[in-house]
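Read through the structures below before going on.
Okay, so subunit A shows up in both of these, paired with subunit B first and subunit C after.
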Partner chain A sequence: MTDVLEVTLRSVSVLAAFLVLPLLVGQAEHKVMAHMQGRLGPMYAGGFHGWAQLVADGVKFVQKEDITPAAADRRVFRFAPAVALVPYLVAMAVIPLSPDLVAADAPASALFVLATTAVGILGTLMAGWASANKYSLLGAMRSAAQLLSYELPLVLAVASVCLAAGSLSLGGIAQAWSPWWLIWQLPGALVFLVAAVAELQRPPFDMPVADAEIVFGAYTEYTGLRFAFFLLAEYAGIVVMSLLFAVLYLGGWQGPFSDQLGWLWTLLKGLVIAVVIIWLRVAWPRLREDQLQHLAWIVLVPLALAQLALTGVWVVVSA
Partner chain B sequence: MSHAATWAFRVRVAAAAATSRHVPAQVARLPRVSPYVVVAAVVLVGLLLFVAAMGARALLAPKAPTRAKLTTYESGVDPVGQGWAQTQIRYFVYAFLYVIFAVDAVYLFPWALVIRSTGLGAASLVEIGVFIGILLIGLAHAARRGLLRWF
Partner chain C sequence: MTSSAGQRELTVGMGAGGLATADMVLNIGPQHPATHGVLRLRIVVDGERIVSAEPIVGYMHRGAEKLFEVRDYRQIVVLANRHDWLSAFSNELGVVLGVERMLGMEVPERAVWARTLLAELNRVLNHLMFLGSYPLELGAITPVFYAFREREELQAVMEEASGGRMHYMFNRVGGLKEDLPAGWLERVRYAVRAVRGRLPELESLIVGNEILEARTRGVGVLTAELIGAYGVSGPIARASGVDLDLRRDEPYLAYGELFGPSGPGRVVTRTAGDCLSRLEVLLEQVHVSLDLADACLERLHSLPQGPVNVRLPKVLKVPEGDLYTATENPLGLNGYYLVSRGEKTPWRLKLRSASFNNVAVLAEVLPGNLIADMVAILGSMFFVVGDIDK
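Up next is the complex of A and B:
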């Protein structure tokens, strides 16, 4: 009985974090982007600086008509948003905020997170193919190409961190972290950040949804709540990747008073990375498809392999 | 029963690992419930969220389909031909390269756990170096032959 209670408590906590953190990042994006562009952003909903804007958006989305095009592959089309969304929820479950504050302390959680986040892209592919729309199909093709190219540097960068820590668990990695990693693992950290933004299909890597070229890519035919779920998946993805960066490269909960405030450090470091990801959207124009592939295979993969070699040699020499 | 047995085994393994020199002691502090039960519960919660949200939408949203509304969107004109068009798959080569390197990456993760052991460290470093070196030659060859160009 207590086991059931514990599992329920843990999974509901993950759900609560999943429903709150992406909205925080979304609101941060509204305001940070606005101020970077000399605007105010949302100011009315909820009264204080438009804090309830995204809640209002959710209420609006749920009241909108849900349209499935007549030509679409109906069942795949309707299920795709769940496939895009749930993997990020699962990934969030294994990311530790502090040594004790983790919903599911899986032994090889670094590997597990990589595996689950890679499933999310299937939702985009399903959406693009099932829509039976030319824009959607083009968007899905671009998504597939992008995933193929950027998954690899991401995995190699994480492998290097695992090597440096001698552990496959996110908790173990953050425990093994020392400030020296900020220099030693810097190339890998940059590769990870770039590849993560590309995996999330955020600008400057938003070729798959390039609104000036292919309407909205794989999500063109979606309306109402199903469309909102794809958006939620994107912001949940930012949360997952930012927290992952904080745990892998910034030591997670390590900082002053980490015994009591460890979870706060992880969240703050993650928030800083999330703001950087938002900043990239404001600062950089979209890459062209061939530039995208070039960057991945000619720059990121060799850089990640060089980082791997550096880590391996250093670990063996210093052992 | 078998699940409980495997979990007990994992706890023993983790406890044994924690006493060894290189694995942080934090690994040994396992929760009472298997983390994978929690993961399964989270998957279930996620699906429930989707179903509940769709239920709420079914209750709240209007439903008035018309022919025009259900037509495939093609920038406001009537759709031409089929949506499932054949396209030239330019990333075929990238897919091949990805599969090769992804398989390679799978071997890197177990390596992270043995690189610090005294007998294997240097030898495994050289072996992985040879392994990745061969793949790199392949990548360089592909790049030289122009396979990494999109056009």
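Up next is the complex of A and C:
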């Protein structure tokens, strides 16, 4: 009986985090971006500095008509947002905030997270294909090409950290972390960050949804709640990737008073990374898809491989 | 990211390379985020590579030329400032200059310098708009806010003088509607100084950016021959090394002096002819225009108070004859061919607008490029749809 209760409690708390954290990042994006651009951003919803803007947006999305284009592949079209969203929910379950604050302590959680986040891409592909819209199709093709090429540097960069820690579990990696990693794993960290931004299709790697070119890529035909799910998936993706970065490269909960405040440190570090990801959007235009492929294969993959070799050599030498 | 000039090769690693592909017809517009307005491009793409492109214009045709024929010369100014809504003041100028020339009317010096000042401020406003919107099309969302902050500064003084923020309607045959407000020159000086001071912030977001450079350098190269063949003009032509600027070559208003040996005016040119150089020309022209505005301000300060317009007869009739008046509008050559039969309305007033010719060349430059480049090239043509469709 207690097991059932515990599982329920853990699931509910993950769901709560999954619903709250992306909104937090979304609101941060609204406000940070606005102030970087000399604007105020949302100021009215909820009273204090528009804190409830995203809640209001959510309410609006719920009220919108749910349209499925006549020519669309109905079932695939309607199912796609769920495919995009759920993997991040699953991924969030295994990311530890502190040694004992983790919903599901999987033994090979690093591998698990990479595997699940890669599934989310299917949602975009399904959406693009099923929409029966040329822009959607182009967007989906761009997504597919982009995500295929950025999966590799991402995996290689994580492999390097796993090698350094001697563990495939995120908890184990964060436990083994020491400040010296900041330099040792720096190239890998940069590769991970760039690849993560590309994986999330965030600027400057947002050509799958480039509004000036292909309207909104795979999401062009979506309305209402289904569209909101795609947006939520994007922000959930930012949360997952930022927390992952914090755990892998910034030592997660390590910091002063980590016994009591470990979870806070993980969240704060993740938030900093999220703000960096937002900052990129404010500062840069988007790359063209061939330039993006160029970057992945000519720069990131060799860099990640070099990092892997460096880590391997150091681990062997220092062992 | 290196991209050399000319044809760039895109290799997409799918299949064995021998995959059969089918061309797809894609309609960009008339409702599409990149066409800011209702321009339609019918492009045939093979994957993302453009095989052929055809601009389809006319969705916003308002029959301005026909309407000119049933309006008197005062009313025409209202109508004529509308086709290119970002350069309203310059549009008005062409009409009134033409009518004044045909009437042989002498415009007071004060009005000449005030018109020059306002025309240059209008040019800055226009260019700032594109300096904001072009990066936006390339995915940079911030420059537009910076550009609009500067626009607001200048628009405030334009509004104070003319009462309008877009369609100023400040020109009259024979001068300006009314004299400049008291103390206005000081406020313009302040606004110009503020804009010039903050311009580096905008510039550093645009020209120094590696990604923007990678997206625009060597993309959409226009040769001087193409420019000549299609009658492309303005900053786009000058970016390809076509050294033509009516302000210097056929001076009107006070440009003869400003572009003279000791004046601050200079014609900005580039030679590469790609999207980046078009953007650079625009950016540098803003600086030149601000300098010109300063020179105008100085002159207006030293001019004695006096009339800014000429008293017109109740019924203004232009003597029989015809005249082509061209001005260097922010986007290129803007011309009015006025044919009068001595009545109070023109018999024919043909409008030559810059964007029409500038966009026509798209059919030549787009094929061979990617869809992403299409946006880069389209945006760098700096067009206003109203100016295309008239």
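Quick notes
Heads up, the rule we're going with is that the second predicted complex is superposed on the first by the 319 of 319 C-alpha atoms of A that agree within 3 Å, B and C clash if a C-alpha of one lies under 4 Å from a C-alpha of the other, contacts with A are read in each partner's own complex, and residues count from 1 in each chain.
In this section, contacts are C-beta pairs under 8 Å (C-beta built on N, C-alpha and C of every residue); 3 or more make two chains touch, one makes a residue touch a chain.
Keep in mind that what you see is a predicted model, and the values were worked out from it rather than measured.
Contact with subunit C, but none with subunit B, is seen for A:Val282 once the two complexes are overlaid on the shared chain.
Within the superposed three-chain model, A:Ala52 lies out of touch with both subunit B and subunit C [touch as defined at top].
By the touch criterion stated above, A:Pro203 is placed in contact with subunit C alone, subunit B being left untouched.
In the superposition on chain A, A:Ala145 makes contact with both subunit B and subunit C. The larger set of touched subunit A residues comes from B, when the choice is between subunit B and subunit C. By the touch criterion stated above, A:Val191 is placed in contact with neither subunit B nor subunit C.
In the superposition on chain A, contact of A:Asp211 is made with subunit C only, not with subunit B. Within the superposed three-chain model, A:Asp290 lies in touch with subunit B and with subunit C [touch as defined at top].
After overlaying the two complexes on the shared chain, residue contacts for A:Lys134 are found with subunit B and with subunit C alike. With the contact threshold set out at the top, residues 134-135, 138, 141, 145, 215, 289-290, 294 of subunit A are in contact with subunit B in one structure and with subunit C in the other. Those residues of subunit B whose C-beta lies close enough to touch subunit A in the complex are 10, 14, 22-24, 26-27, 29-33, 35-39, 41-47, 49-50, 53-54, 56-57, 60-65, 67, 69-75, 79, 82-85, 87, 89-91, 94-95, 97-98, 101-102, 105, 108-109, 111-113, 115-116, 118, 121-122, 125, 128-129, 132, 136, 139, 143, 148-151. Residues 1, 3, 8, 10-12, 14, 24, 26, 32-34, 47-48, 135-142, 145-146, 149, 205, 209, 211-212, 214-215, 370-375, 379 of subunit C touch subunit A in their complex.
Those residues of subunit A lying in contact with subunit B across their complex are 3, 6-8, 10-12, 14-15, 62-72, 81-82, 85-86, 89-90, 93-94, 99-100, 103-108, 111, 129, 131-138, 141, 144-145, 148-149, 151-152, 155-156, 159, 162-163, 165-169, 171-172, 175-176, 215, 220-221, 224-225, 229, 289-290, 293-294, 297-298, 301-302, 305, 308-309, 312-313, 315-316, 319. On subunit A, the positions that touch subunit C within their shared complex are 33, 36-39, 134-135, 138, 141, 145, 203-204, 206-207, 210-215, 281-291, 294-295.
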